[in-house]
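Order as written gives the chain letters A, B, C and D; numbering starts at 1 within each chain.
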Amino acid sequence: MSQTIPENCRISTEVRVMYFDTDAGGVVHNIVYLRFIETARTMLAIQMGMNFEEIQRTGIHAVVTRTEIDYKRPAKLGEILRVEGRVTEWSGIRFWVEFEVLRASDNAVLASSRQALALVQVSTGKPVRLPAGFPASLSLGL
Amino acid sequence: MSQTIPENCRISTEVRVMYFDTDAGGVVHNIVYLRFIETARTMLAIQMGMNFEEIQRTGIHAVVTRTEIDYKRPAKLGEILRVEGRVTEWSGIRFWVEFEVLRASDNAVLASSRQALALVQVSTGKPVRLPAGFPASLSLGL
Amino acid sequence: MSQTIPENCRISTEVRVMYFDTDAGGVVHNIVYLRFIETARTMLAIQMGMNFEEIQRTGIHAVVTRTEIDYKRPAKLGEILRVEGRVTEWSGIRFWVEFEVLRASDNAVLASSRQALALVQVSTGKPVRLPAGFPASLSLGL
Amino acid sequence: MSQTIPENCRISTEVRVMYFDTDAGGVVHNIVYLRFIETARTMLAIQMGMNFEEIQRTGIHAVVTRTEIDYKRPAKLGEILRVEGRVTEWSGIRFWVEFEVLRASDNAVLASSRQALALVQVSTGKPVRLPAGFPASLSLGL
């Protein structure tokens, strides 16, 4: 897609692998990468102008409608990981964000993921159009 | 305490240890026992007449105000655990539930815990008195 | 794929939605569905002859290499969900499992997912060929 | 206890509350505070000289043997929390760490906790004496 992506639509976060992130295989559990990614995605949303007070007042949440994730190399206890995310596509009611989880020490890509999100009025389950300012701003201005 | 404890104030649940329950130490992660205990506690609350529709309508939740847990022996991947819980004490606004987590194969006690709970109107943070029928019934009848 | 799928390659598990499965949106958190699916997948692996003692002795684990999941309708606190899974495809070093998460009360499909898995010797990171008996048996016989 | 506590036995970490930390009650789930505390405790252990490579080589882990936690005020989505921890007591085979979870905006105490830990050789389950340098150093020097 040829849309220009504003600078505030990129995020980079870091996390250190804790015991509770690992499993008896000795490496980070597959589901946990999605928690790391969600932290990055939430920080990205905040950076794009999403406002938790607005969310709680309006009941409109950004809801994940699809996740794809490929696991490439395992992360281990104590390692520092970097999650890089960016908005890549959007239409009237949906946007896509792509992520890479990297090992900070050598930038090896451990996992890559893309997620589709939609704004949803949770009480009714109805989708809500992306705000006019998207992706420069994710604030609903409601 | 000399109060008689009704039969519906006891629960026993089973869970099989999954990968996501373990950590790189090769055993069940310490925090995960509290998830197992919460499942038992929720099934106990349902058995005592707590009703999720009532909770969602009234906004009154049973909130944990204190947890104590002692870890005695580790649980391992694939093991079947049994959680036994029972209400042990209660007063106007608070009740205590005690739990043991046992290894099903030999009844070894792996962890023991006690938790204090209070009914709270979440929107205001105000405690709510236990219903008159407690512990025979946890239904608020609202 | 025209391979015949043995009867032991299907699984159905149930889970009741607990508080810790939900988030402030009032519904089951998107990541949690993958925990429900992992429980079904592990029960499927056990049914197919995977043996936790063998895993711990050999260090060969079935590792998720890709997950896709589509979220269709939200699950709510207290609901009983059913996870249905089945092996759908396999080759020398990889197999695919598909899942649906359904609301037990009306069989509504809440989420559908497919995952690719590979057997990996965790200490070396090397893939291991599926055993000759796969999918009739996932036992490595080691 | 009148032992002097070295400066490296105190830690302060911050965390922002994510969706996956909250539950349908609209606030942070009770179990999640222990994840926040574990992150602080792990950073404290690193600061005290614990070394993940040493842990993985020796199989000696610092294991939680008891947790107590009191919940005072709820934390909410998007809030920044601060976890303050410090080693308070120790004997030959056990040490205690105390924590407070505070709301960063006004320093309100949301939860307070104490945990007992022991060094354990996980493969045998045997306790290991605290190193001679404890608490100035948690490195086993093995």
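Methods note: contacts are C-beta pairs under 8 Å (C-beta built on N, C-alpha and C of every residue); 3 or more make two chains touch, one makes a residue touch a chain.
Worth saying up front: this structure is predicted, and the values here are computed from it rather than measured.
**Q** By how many degrees does chain A turn when fitted onto chain B using C-alpha atoms, rounded in steps of 5?
**A** 180
**Q** Relative to chain C, which chain's C-alpha centre is the most remote?
**A** Greatest centre separation from chain C goes to chain D.
**Q** Nearest whole angstrom, what separates the Cα centre of chain A from the Cα centre of chain B?
**A** One centre to the other, that is 33 Å.
**Q** Could you put a whole-Å number on the gap between the CA centroids of chain B and chain C?
**A** 28
**Q** How many angstrom lie between the CA centroids of chain A and chain C, rounded to a whole number?
**A** Distance between chain centres, rounded to whole Å: 24 Å.
**Q** So which stretches of chain A touch two or more other chains?
**A** 19-20, 24-27, 31, 35, 38, 56, 77 - these are the residues of chain A that touch more than one other chain.
**Q** Tell me, which parts of chain D touch chain A in their complex?
**A** Contacts found on chain D: 16, 18-20, 26, 35, 38-39, 42-43, 46, 52-53, 55-56, 77-78.
**Q** Under the touch definition given earlier, write down the residues of chain D that touch chain B in their complex.
**A** 24-27, 30-31, 34-35, 38, 56, 61, 63-71, 73-74, 122, 125
**Q** In the complex formed with chain A, which residues of chain B make contact?
**A** 19-20, 22-27, 29, 31, 76-77
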